[in-house]
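Two complexes follow with chain A in common, the first pairing it with chain B and the second with chain C.
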Partner chain A sequence: MTDPTCKVNDLGIWLKKQMDEGKFETPRSRQQATEISGFLSEVCQGLAEEDHITAIMKRADFLASAGETAEIRGAGKKIISDVEENLEIFLGHIQTHTCPSGACPMLTPAPCQMACPAGIDIPSYLTLVGQGRYEEAIDVIRKDNPFPWVCGLVCTHPCEFMCVRARMDAPVAIMDMKGLAAEKAMSARQYKNPEPKPDNGHKICIIGAGPGGMTAAYYLALRGYRVTVIEALPVSGGMMMVGIPRYRLPREVIDREVAMIQDLGVEFRFNTRVGKDITVAALEQEGFEAYLLAIGAHGSYKLMIPGEDDFPQVITAVDFLLRVALGDHRPPGRRVAVIGGGNVAIDAARTSLRLGSEEVTILYRRTHDQMPAHHMEVVEAEEEGIQFSFLTIPKKIHGEDGRVTAIECVRAELSEPDASGRRRPVPVEGSNYELAVDTVIPAIGQEVNGSGLERFEDMRWTRRNTIQANTLSMETHQARVFAVGDAVTGPATVVEAIAGGKKAAHAIHRYFEGFPQPKFPRAPTRRGRMAFFQVPAALKADLKRVEMPLLGNERRRITFQQVRLGLDDTQARNEARRCLRCDVCIRCGRCVEICRDKMGINALELGYMDFDHPGKTDLKITAERCIACGACATNCPTGAMQMTDQGGMRVLSLCGTELNRLKLEYCEKCGAVIGPARYHDYIMRRIREISPKLAGKRVCLDCARQETGRRHVEMAPPEKE
Partner chain B sequence: MSKYYLFHDQKKCIGCQACVVACKSRQNLPKGPFPSLLITIGPQWVGTRPQMAFAFMPCFQCENPWCVAACPTGAMQRRPEDGIIIVDPNVCVGCKTCMSACPWGSPQWNPETGKVVKCDSCYDRLEQGLQPACVTVCPTACLYFGTPDEIPEVRRERYARAMIHDGEQEN
Partner chain C sequence: MTFRNGQKVEIYQKSADESWESYMDEFVGLHGIITDPDAVKNDPDALVEVSLDEKGTHRFPQDCLRILED
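Right, the complex of A and B next:
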C-alpha cells in the first residue's frame, strides 16, 4: 500500500461533494458534472477505456470555459489540472485494472499479486489451475512472467509469505500450482506463445541469456523488435542453468521455456563474451539501437583468510556449480566444507553430496534461524545428511603438498542486539579448532564481473560494484543502454530478474515510441476476475495445504533427479479451493463489523481479515448464527459477499464459500419469497414487546400493502337514483 | 401517530399518480421503491355501477412503530418533536428487518444505495414551512396535510350535505 489515497477516487469524492453542496446550479453545468462523476466512478471500478480521459477532459473544458459561475469554472480547471498531473495514475487504473492504494475497492489487488515481483495475477491462475484449464493458466502467468515452469519449481515465492490463507492455517501452495500448470500445459503441447506484433525493424542487443535478459527478449519480441541475445557461456539460462542444480531445476525445463522465446525469432549467440569475443564497436556496426545489460553476478566474494588462494581445492560455489552444470561430474573431494548460509551454500553442499563426497559440512557464522537460505532447502539438506556447523567462523585454510588438509575455525557467540536489532556473531577468543577437510567451497556472496563493458563509458557503478540503473525504467547513465538482473540488484532471485526484464522491455519500448518513462512504480495488472468456486464452509476450512511428494532420500543422495515430484490434478483442484480470493475480497471487514456491531448477531468470525491483529477464524459458525438478513452482502464494496436465493434456499457465500443456507418461506397470498424462518423469528423477538399477540401470518410486503389499502378504501354504496 | 395527519379525500381522487411520482422524485429514487403508493381498487360492480377507488398509502407514522422496534441499528427512529418516523441512511445497513416488521409494507428498499427508504412526511420541507411533495402536486387537491385540527371536515360535511339532500328529496 504505497499511498493511502488515490487521486482518481479523491477527485470523484471532491466532485460529488461539490455537486451535493449545489455548486453546479445550472442544469447545463450540472449535467456535465454528473457525467464527469459517472466517468470517474467507472475509472475507479475498472470499467473505463482510455476514451474516458478524453471524455472527462472535454466536459471539464466546457465547465472551465463556459461555466456560469466562477466556482463552476474553477471546478472545471481543477478537474483538468488533477487529471493532467496524475495522468499516469488515471491511465494505470484503466490499463492495469488495479489501484494499489486500496482506495478503489474493485481495483485493489490481492496481497500475493502485490508481493510477486513480476506482479502475476495469482488468484486468476489458481482458479484456472483448479478448473484444470492449465493452458489458460499459463497464458495468464506468461503475461507477466515468461518462465512459469522455472518459477513453478525454484521461485522464492514471496507471494506465499503474504498469502492471507496463512493467517488461517498455511499459505496456498502458489508456486507448486504454477509448476503443475506449466508441466501439464507443456506435456499437452498446449504451452503456446501469444501472437507477436509485426516486425518494427528496431534491433536490440541483450547481453546475457539469464532470466532478466531473456524476459526482456520475450516481451520485446512480442512487441515486434528484432532481438539478439549474446551469451558468454555455451548454454542459455544464466544462473538458472549454471547456478541452480539440476535436482531442483531440470535442464529440460529451462531449455523448453527458452525454446519458446527462440520461437518468437529471438537470436541467441553463445560462447560470445562482449569485450572479448565481440566488441561493442562491432555491435554498433551491426546496427543495434539499444542495449540491455543482463550479465548477472558471476563473480564471488573472497573469504579474505590465509590459504584461500594457495590450493586448487578451494573453489568458489559459483565456479563449482558452473563446472558441474557444464557436465563435470567428478566429486569436488571426499570431505567438503561449504562456507555460507544462503541458498547457494545449500546448493553447493547438496551437489557435492550427490557427486559422491562422503562428508559435507556447511559452516555458517550465525545460527540456524538466521540462515538466509530458504527453509525448505535447509530441511531437505538436513534430510539428505548435510551437516551444519553454526556459529563457526573460518580463520585459515591449512594444507600440505599443495592439497587442503583442514580448515581452521573459531567459534562465535551472538552479541546483544545492536541498534538495528541484529545480533552479530562475535568470535570467542581461544576457541580455535581444525576441521579435517580436503575441499573448501566458499559461498559467501557474489559480485558483478563487469569486465568487457568498459566501452559503455558513461555508465556508472554503485559502491557495491553493481550497475547504477533507474529502478523504474532500468535506464543506465549511458544513453540507449539499460540494465537488469543481478548486475543491477546484486545477487537476487530469478523472479526479481524477470521483473526487471519486463520493466526494461516496457522502458525500451517507451524509448522507441518517444513516451516519457514512468514516474511511479507500475502497479500489477489484473488479468481477470474469475468466477468463484462454490465450496461449503466446512470444506473450505478443513482443506489442508497440499504436501509436495518428495523423491526417496536414498535416491536424493546419489542422483540429480528432481527432488520435488510435483502435484497431481486432484491435489491442484483442492489447493485452488483453499484460495480466499483476495483479488475480490479486500478484507475491509465491513461485513464482520455490521454483523457484530450493528446487527448484534456476530455470525461472521473472520479473524484472518485483520492484518495487524489476526483473530480466530471459524467459517462454520456462520451457519449456526446467521439469520440471512443480507446486510453483510448489501454493504460489501466488491461483491465478495453474496446472498442469493436458489432452489428454495437462501444462501450466503463469501467468494463462493457457502457460509449459510436457510430454507425460504413464501407469501401466503401470492407465493412471493419472504425470507427464511430464522429471519422472521429474529424480527418477532424484537417486536414482541409491543405486539404480543402477533399472529404468525406470513405475507409479502406488496400483499400487506394491498390489503391495507383495500381496508382503507371507501367503496361507497350506490347513490340513489 | 405523528402530530400530523394526512387525509386523502378518496371521493375527489382521480388516481393520476402525481403524488407517487412527486414522492419518488423528491427522494431521487430508482426503479423499485415506492415510499408512498396509490392503491387502485376495482373497477368492480357496486350495486348497479362499476366503481373504482384509490387509497393513498404513505407511512402512517405509527404511535408504537414495529419498524423502529425491529431495527437493530437504530437507523429507524421516531422524531421526538413531531413523531415522524425516519431512516438515517448513515446508520441503516440494509438488513430489511423493518420492511418485514411493518404490517403495511411502508419501508421500501432502494437497490441503488442498499438502504431502506420510507415516507418521512417530507419533514425537511415541513421545516421550511412547505407542504409534503405529494400534497403540493395533487391536481384535484384531494390530499390534506396538517395537524388534526387543521384538516377540514370534508367527510362530515359531505355526509351532512348528503343527509340534507336526501331529506329534501324525501320531502
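Right, the complex of A and C next:
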C-alpha cells in the first residue's frame, strides 16, 4: 500500500492534535472544535451528508471571527481554507463513500472496483449474485455501467487482473458473474430502468451509437436531458454490434440493453452520417446545445503491399465483420488468409470458419508468444481448427482474372533485442513462398475516420489521428464538444468506452450546471456494504474458480451459437464465496503484525496482502495456532476481523471466513468467561513468574488478582507500631 | 519492449507524449498490471492499458513503463 494521505483525514488529525495540546482554551471554542472534529470523523467513515460541509464551515467561521485568541482564530481560518481548497475531495468522500488514498480505512475501495474503468462496486454485486438477488445486483451494476450483459460476455475484465484472490490461486470469475446476473434478471423481467429526473429542456446530440455514446445517452437521459443519437450504420451498438462476432456476443444481448436506453426516451437516427446525410449546421439549427463525438475507429490500416487494391477478395477485417454482422452470411472464400495477430484477426478467422471456409490460416509476423490477442481467444481458435503461420511476412497478393490466387510471403526470424528491448521480425533472405488462397483479410489495426467533423474547427487531433480530449472530463478544444471511446483512445475496450461515456455525461451535466470540471480521476462509488457469507476457512481455501462450460467444438465450427454457455446458480453461489471482500478488509496487515510481533503467535498467514511480493496464504493454519486472544480483531480498523462468543464457543472470522473456533472456559471461582483453554494457558505462562500460586487454576483475571493480593497480604511483614 | 497482458509494470518516469496529462504525474513510481496491451500489432507507439495498484485503470504511452516481472 502506498503511503496514504487524505486531506480530510489530515485535517481531522491536525485538529485533534490542536485540541490535545489545549489550544482551544475556552469552553465555547473547545465545543466548536469538538463538533468539527466529530463531523470530520463522520466524513472519513462515510457517514456524512453534504450538510456536514455547511456545519463544519459554520463552526470554523465562528472560530475564525469570534475566537478568543489569535491561535483559535488562525485555526478557524485554516479549517475554512482547507475545506475550500479541497472541496472536491470532501464532497467525494460524502457522495461516493470512497477514499482511494487508503487513509480512511472505512472508505477504501476494493482493488477490483478501483481497476474497473467504469468503477462498478464489484464486491457488492458479487455478494448479491451469490445470494441469488439478481435484480438488485443488476441495479448495483447499472449505476455505473448500463451494459452489464454485454460486459458479462466480452469485457476484458481488468478487475480480474487486480483481484486479490489471484494471489492465492485464481481470480474470482467477476465477468461471468455479471453475465449470469444480467441473464437471470432479464429472463425474470426484473431488469428495470431507474426513474429519470424531470425533463430539464437541454438538448444533447451524440454522434455514434457505440458503447461510449449510448452510455452517455443513458446517464444524460436519467438526468433529464433530451438526447438524440445519430448513427451512420443501420443498427446501434457500434463495434459491439459490427466488430464482435455473434458467437461471442449475441445480437439479442445488445438489442435488449439498447432497448432499455430507448425506453428512457433517447431518440436514435440510423443511416445518418454527419457531414453527408446531415450537417453540423443543421444540427445547430435543431437547437443542440452540446455534442458528444463517439464515432469509434472504423477505418483500417493498409498492408501497403502490391496487389492489395487490385482484387475484391481482399477485404479488411473491419469491413468483413461489418458485412457479416449486417446479415451477409456468404463465406468469404474457400481458402482464407487472415493477416494479423490481434483479437480482430482471431474474430475474422473464426467467423470465416463458421461461414463455411474450408481452410483458414492466420499469418503473423511474430511468434505465438507475442500474439497480442487474448490467450483464450487464441486457444479457442486453435481448438476450432484455425491454422497459424508464425514468423510470416506477407509480401504480395497474386491473382488472375480479377481473382486472388495466392499470397506471397517471406519467412522471418526475430532479431536480437534492440535498445528498447523489442525483438523485431527480420525477413529471411530467399525464403519467399506462395500460399494458395482465394481471399485475404488484413487485420492489422484500425483508425479513426474523422470525415464529416471538419465543421468542429477548434477541435484538435493527436499524432495518432485520434480526437484530443481531456480524459477526466472528455472535453475537446472545441467549446460544447466532448468526445469518447475509440475516437479518443484509439482502438480500445468496450468497458473503457463505457467509462468514457459515463465521464462525459457527468462533465456535460457539470457544464450545464456551471460547475468546474474535475482535476483528478473520479473515485468510484461504494454502493453498499453487504453482509459477509459465513464460510469455513477450509471451504474458502479449497473452492476453485468456476470453469465456464463451452459449446461443443463440432457445433462451434459451423454455427454462430454462443460459445460460452454461462454459469448456473450453484456455481455462482460458490464463486461468490471465493471473494475475499477487499471492500472491507483493506489488507493493512495490522492483524498479521500484532499476532506475530506483539503476541508472538503468528497464527495469520495471509500472504495475499502484499501486491508486489505476495507470500504464502494458508487460511487453515490459523485454527492450529490461534489462541483467540482477539488482538487482531481489536486492532482491525474496518471490522473485517471479528471475534465473537456464540453457543459456548469463541469464533474468529475474517470477512465471514471462520478462521478459528475454540470452546470457551469459565472461571472456577466466579463462573465468568475466561476464554478458550489456549488463551488461558497463554496468559498463565505470561504471569507464572509473578504469580506462581495460580498455576493450573482456571480463574478469571479479577479472581486471579484477588488471589494474588491475598497472598501478598499473607507474605507482608507486620508493620512496626 | 513488448507488453503483454498480466505483466507487472512500473510507471518509472513521466512521458513526453501528448497523451500524458498532468494528473498522471502523481502516478510516477506506482506499480500496476498490463490489462490491455496493444491488441493489434505490438505497436510501440500505441497506448496500453494499465491497472495501477489502488489508483485505477488508465492508458499510458509505453515510454513511461518498465516491466517488473513477466
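Worth pointing out:
Rule of thumb we're sticking to: the second predicted complex is superposed on the first by the 672 of 721 C-alpha atoms of A that agree within 3 Å, B and C clash if a C-alpha of one lies under 4 Å from a C-alpha of the other, contacts with A are read in each partner's own complex, and residues count from 1 in each chain.
Criterion: a residue touches a chain if its C-beta (ideal position, glycine included) is under 8 Å from a C-beta of that chain, and two chains touch if they have at least 3 such contacts.
Just so we're clear, the structure is a prediction, and the values are computed from it rather than from any experiment.
By the touch criterion stated above, A:661 is placed in contact with neither chain B nor chain C. Look at A:97: by the touch rule set out above, it reaches neither chain B nor chain C. By the document's definition of touching, of the two partners only chain B reaches A:708; chain C does not. Contacts of A:502 after superposition: neither chain B nor chain C is touched. In the superposed three-chain model, the partner touching more residues of chain A is C, compared with the other of chain B and chain C. When the two structures are aligned on the shared chain, A:629 is found in touch with chain B, with no touch to chain C.
Of the two partner chains placed by the overlay, only chain B lies in contact with A:686; chain C stays clear of it.
Listed in rising order, the residues of chain A touching chain C in the complex are 1-2, 100, 102, 111, 114-117, 156, 158, 161-162, 340-344, 366, 370, 372-375, 420-423, 443-446, 462-464, 468, 470-472, 489-493, 496, 519-521, 524, 611-612.
In the complex of the two chains, the chain C residues touching chain A come out as 1-2, 4-6, 8, 18-19, 21, 23, 30-31, 33, 35-47, 49, 51, 53-59, 68.
Residues of chain A that touch chain B in their complex: 594, 598-600, 629-631, 634-635, 674-675, 679-680, 682-683, 686-687, 689-691, 701-706, 708-710, 712-718, 720. Of all residues in chain B, those touching chain A in their complex are 10-11, 37, 39, 41-42, 44, 46-49, 51, 53-55, 57, 64, 66, 69-70, 72-73, 91, 93-97, 99-106, 114, 166, 169.
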